[in-house]
Amino acid sequence: MATRPSLKELGLNTGKKARLHRILHKHGLGNGTAIFLPYDQGLEHGPRDFFENPVSGDPRYIVKLAVEGGFNGIAIQIGIAEKFYWDYAGEVPLVLKLNGKTEVPSDSEALSPLHADVAEAVRLGADAVGYTMYVGSPAQGADFEQYRKVRADAERYGIPLIVWAYPRGSAIEGKGGKDSFYAIDYAARTASELGADIVKVNFPNPTKREGVKKEYDREFGEQEAVDAVVRSANRSLVLLSGGEKAGDDGVIEKARMSMEAGATGLIFGRNVWQRDHDESLKFVEKLRDLLAKYPS
Amino acid sequence: MATRPSLKELGLNTGKKARLHRILHKHGLGNGTAIFLPYDQGLEHGPRDFFENPVSGDPRYIVKLAVEGGFNGIAIQIGIAEKFYWDYAGEVPLVLKLNGKTEVPSDSEALSPLHADVAEAVRLGADAVGYTMYVGSPAQGADFEQYRKVRADAERYGIPLIVWAYPRGSAIEGKGGKDSFYAIDYAARTASELGADIVKVNFPNPTKREGVKKEYDREFGEQEAVDAVVRSANRSLVLLSGGEKAGDDGVIEKARMSMEAGATGLIFGRNVWQRDHDESLKFVEKLRDLLAKYPS
Amino acid sequence: MATRPSLKELGLNTGKKARLHRILHKHGLGNGTAIFLPYDQGLEHGPRDFFENPVSGDPRYIVKLAVEGGFNGIAIQIGIAEKFYWDYAGEVPLVLKLNGKTEVPSDSEALSPLHADVAEAVRLGADAVGYTMYVGSPAQGADFEQYRKVRADAERYGIPLIVWAYPRGSAIEGKGGKDSFYAIDYAARTASELGADIVKVNFPNPTKREGVKKEYDREFGEQEAVDAVVRSANRSLVLLSGGEKAGDDGVIEKARMSMEAGATGLIFGRNVWQRDHDESLKFVEKLRDLLAKYPS
Amino acid sequence: MATRPSLKELGLNTGKKARLHRILHKHGLGNGTAIFLPYDQGLEHGPRDFFENPVSGDPRYIVKLAVEGGFNGIAIQIGIAEKFYWDYAGEVPLVLKLNGKTEVPSDSEALSPLHADVAEAVRLGADAVGYTMYVGSPAQGADFEQYRKVRADAERYGIPLIVWAYPRGSAIEGKGGKDSFYAIDYAARTASELGADIVKVNFPNPTKREGVKKEYDREFGEQEAVDAVVRSANRSLVLLSGGEKAGDDGVIEKARMSMEAGATGLIFGRNVWQRDHDESLKFVEKLRDLLAKYPS
Amino acid sequence: MATRPSLKELGLNTGKKARLHRILHKHGLGNGTAIFLPYDQGLEHGPRDFFENPVSGDPRYIVKLAVEGGFNGIAIQIGIAEKFYWDYAGEVPLVLKLNGKTEVPSDSEALSPLHADVAEAVRLGADAVGYTMYVGSPAQGADFEQYRKVRADAERYGIPLIVWAYPRGSAIEGKGGKDSFYAIDYAARTASELGADIVKVNFPNPTKREGVKKEYDREFGEQEAVDAVVRSANRSLVLLSGGEKAGDDGVIEKARMSMEAGATGLIFGRNVWQRDHDESLKFVEKLRDLLAKYPS
């Protein structure tokens, strides 16, 4: 197993360290690992994601589930946070997601516009903020510009910054696609270079090689790939995301490889709440069993 | 009938609660329901909307009609508000519409530019502000950006924010169109995710299925669709709009289904003022009879 | 009876007119008169004012009393407003009192420091703000300076400004004292010159003549004096305050003279809540009977 | 003759009312009507407009002409105002034109950029500001955005805002063109909805019907059309512009129809100064004779 | 007669010149002279000044009187301006008095605190602002500090600045008193040195010599004294104030000497309105007859 950096060596200012300590050591297993519950799919994909388990469309149900499941944080948009977090404020850490978009228009020049700022996250008692960066998008100029203020504010207010580092856009499509090892690895490094405290990535697929740079155009194992991705993030802690709901065994095997690689934890949404309440908690229990093996 | 959330559970700060209480319990029927009179068609469609009943082109006539009809609010642009609301200030709540556009240029990249801000609404004694969001437009980046300041200011000043959540733009046209259940449902959820206190939507048409996401590509009844839309808005109160003038029976039946679904009320313009004065008030009376059955 | 100016002729901007309409015509008797309930004595005098009727020390009891008594507004400090107004937001208009002080230090250079601003009043959904001006105090320079921003903000946000115009300080003590006709008349005029929308004064005592300017050093009747005070306020509406609790008949007779003089209403605190609950409401009923005779 | 609204009923704040009173009742005929002299053609069209009467290219000549002709105002750009208005400051009201452009690039996405602000107009002693809005242009987003600040500043400083409401751009060209009744009517309404105190429009041509909305696609007389346009402006006062120089009789007949419709006055540039000095004054005299018949 | 400087040689920017032209050449006699009506005595002295002619306590009466009497301006405080100037906006120039105080506390360290700013004067359509400077007061540090911003804003907005230059305070009392030639002359020069466009002074009394500097401690005639005062003001135009009501002949003789000295005009309040309406106008007529002899 790769070594996960400890909070002491991340160059964090006091506020960021206090809040990350809270997330990693006062919630969840309290062992330095984390499982986050993301719940911005209503915006990113629309209500269709809730058809499988209609109660999942109710934010109150989800926030309560985050508490019950012992999550280390719940990531939601400002509108949901304003109206639903109060009920459970302080019971589960809040990650205020600062940007987001609908899936309706084309993703060829993907950009996720801001609709909240770090000061609002402070007001809501959030322990972290989330920002989606579309690495490689033709709109990266506008992306970096709005990100810059988020990062600077996060530093100023001492709020940890979690970057959803997603390769996206027409150019990425021509270079292996958004799940390629090349793209994910580059995204992790980009987030790290630009100051993420935590970077969220999808699991890399090293078989997607069409159009990738030559260094990536050879055979890599999945473990090898995820190891590299975590190394690319260096002192940005890494969360692996679950993406669409899939078979539990495969999902958990990828989670295991991620933790082996030195990831700090997982961020699983649809795989959790697109099943009924008790099944959700059972699945979370499996993830916790896994994380229990990777204390720091 | 679905349950409408009460003001106490909406996460409102004191100013928003005071103003919504005023709108919902001190005006109109005072039973927690609402009928709003929108009057921005002179900008959105031009004076042609007034040809059917020429006196409707006179804002003074309309503001007076809002008072006479016992409306819970009148939604107007800054220019009309500055010159006509003073006469009736405080007699009917003002919803200052903060953005708007002409219908002349193409809607393919629809964006409704701001021409007033929340501080001006405060100065005019408004009890709410209105913002048109073109959900799914390729211009959603610019839309969300200007919306963000409106939402934050509305929070800061304690002014309820009503979002006109309208699917629009070239991408929507290719995915069922602006009236499809898919589009309306997504729009309601988007407004909720982004922090609307009230969301105004058009009545969903579940038969428009060409190009919609697969979850929506099956048969839904109208009641089933409007139920889903209101649920998607969760703690954002829902207003159903009347749109173009149509036969009274059909219009009222849709209003009834909306209220059954848990909507808070209606927002009817052309259906009200594109007829002569007494007919307008008679039609409003029918709507009030309906709302009287849905107290909260 | 003197003529009370109508809202239309007060030079009010739209927001001020909307809010005053609400206070004067949508609450209380709705006839253009007003009774306000002031509840800042806990700061100004300390809890000793609550000894007579201990439950009066509970702000929740008082806010509820304002609703039950059909008051046109309740005047409270920021701390009470933040914690107690939410429960009844919109049910009774809020007058946020922006300054105040303890009675502990000497009043010889009286100044009432600000502890909230108009923007906070807006956020709390207040329909007016209150400011205590110590007219004639040696500290008038500091007083006018802090007042200036309040007045300008009230204009900018369209919030009516109620000035508690209190003669006070060592110089006033040498010129007839704070209750003299001279001092009260000057205070009313000062508030009017400096832009109060409503001025709250104590009932003038024309027998206090020692040291007053020669124009005031002759016999005046009480009605003559209060007539003059209301005239001095010109287009600032006038509220007469009740001051310390006193015999009901005398209090109501002074209220009657005030209304005859053209006052808009009354602001009675201790006379209301320094008795038990039902007695409070009975006393308010007598005041309402009086005001019902003075519609505008 | 239609009724022209009086200054008292326009919802004007004190500064706007003072300045409009000055323009309409202290200059020109002083009877509530107005003739303005616009002189921004040097920017909008270039010096070619001065070839007919070369001295007209000298701003000093034109400002003096405005004084001699008893105009109610002269509309000029910042550069001309800075260098030429001082000589006659206060002798004729200044309308500082805040935006403008050259005619060189295509008008298909017409936008008139700002080059001065309202504070500068105040500093120059202007009694009004002018803004060109290209109604219906694909650039309406940028137009409304820059307009918003102008309108808000004009309100804040109490400076009347005159909107040159010009239909323009590729979409208008496909819908009857910039002179059609449809387009002019829509432009007048748009300016009114967005808060113009005065709107300047060209005379509508109801025979231009190709591509207009169906409500406008029938026969209208010129008087009927201009009546409608003035009604669409409601409480925004209307000025009819002369446009290019044309035969005097036709020009004056249109001016007469405009005044019959309830316009407040005229704004004539090239028709005035594209002739020699004495002819200019004679032509102005004819216009004054006309306006003398429409006092308010 | 001394030569009065013309507007062209005062170093005025465009806005100041436009507004002074308006005051001096478009109102009153229009001959470059001026009579102003000051009406801040309700604040400075209290309502006692209105006892002689009770209707004078009504600001509406006074503003109307300023219009009827053909005054070149009326000087009032912000509260009176906000509520009473609208009715006559533009009919008589407004001089917004920016500071003022009550007479209650001691004048030994006199300071006149600000309660409005230049931007508000702009919003109210004022043609000038007024500032009371207590020359020689021990509080001159605070006085000059607040004055500095007023002067700079007046320059920035192009609003003429009228300084009420009043010697005042304990030190002045020991050096000839506030009416001595020494003190008035020093005050005029101080206002000029500090950038007044117009300076208002009281008529100097050269017989008050006890404690004055030795240069003033000899016999001067009244004409000689007022000549010197006007010279001391150099390019600041001079207004002589009437002060308390006194015998008409003496008052007018002093006015005559002032005009001979090169003053621009007069500022008379109590001498005007402490008599009945028709007498007021007759007295004003005498002043106008005088000013008609001093055109510029």
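Chains here go by letter, A, B, C, D and E, matching the order in which they are written, and residues are numbered from 1 within each.
Definition applied: a residue touches a chain if its C-beta (ideal position, glycine included) is under 8 Å from a C-beta of that chain, and two chains touch if they have at least 3 such contacts.
As the structure is a computational prediction, the values presented were derived from the model and not from experiment.
Novice: Count the C-beta contact pairs for B-D and for B-C, then tell me which is higher.
Specialist: The comparison resolves to B-D.
Novice: Determine the chain that sits nearest the middle of the structure, using the mean of its CA atoms as its centre.
Specialist: When every chain is reduced to its C-alpha mean, the one closest to the whole-protein mean is B.
Novice: Going by the average position of its CA atoms, which chain sits the greatest distance from chain A?
Specialist: That would be chain E.
Novice: Starting from the mean Cα coordinates of chain A and chain E, work out the distance between those two points in Å.
Specialist: The mean C-alpha positions of chain A and chain E differ by 70 Å.
Novice: In whole angstrom, what separates the CA-based centres of chain C and chain D?
Specialist: That pair's centroid distance is 49 Å.
Novice: Quick one: chain B and chain D, Cα centre-to-centre, how many Å?
Specialist: The answer is 35 Å.
Novice: Between chain B and chain C, tell me the centre distance in angstrom, where each centre is the average of that chain's C-alpha atoms.
Specialist: Measuring from centre to centre gives 40 Å for this pair.
Novice: Do you know which chain B residues sit against two or more other chains?
Specialist: 82, 85-86, 142, in rising order.
Novice: Touching residues of chain B toward chain D in the complex: what are they?
Specialist: Where chain B meets chain D, its residues are 40, 42-43, 46-48, 51, 57-60, 77-80, 82-86, 100-102, 104-106, 111, 113-117, 120, 142.
Novice: What residues on chain C touch chain E, complex-wise?
Specialist: Residue list for chain C touching chain E: 10-11, 135-138, 140-145, 147-148, 151-152, 155, 167, 169, 171-172, 175, 182, 185-186, 189-196, 213, 215-216, 228, 231-232, 234-236.
Novice: Using the touch definition from the top, list the residues of chain D that touch chain E in their complex.
Specialist: Result: residues 13-22, 25-26, 81-82, 85-86, 89-91, 94, 119, 122-125, 156-158 of chain D touch chain E.
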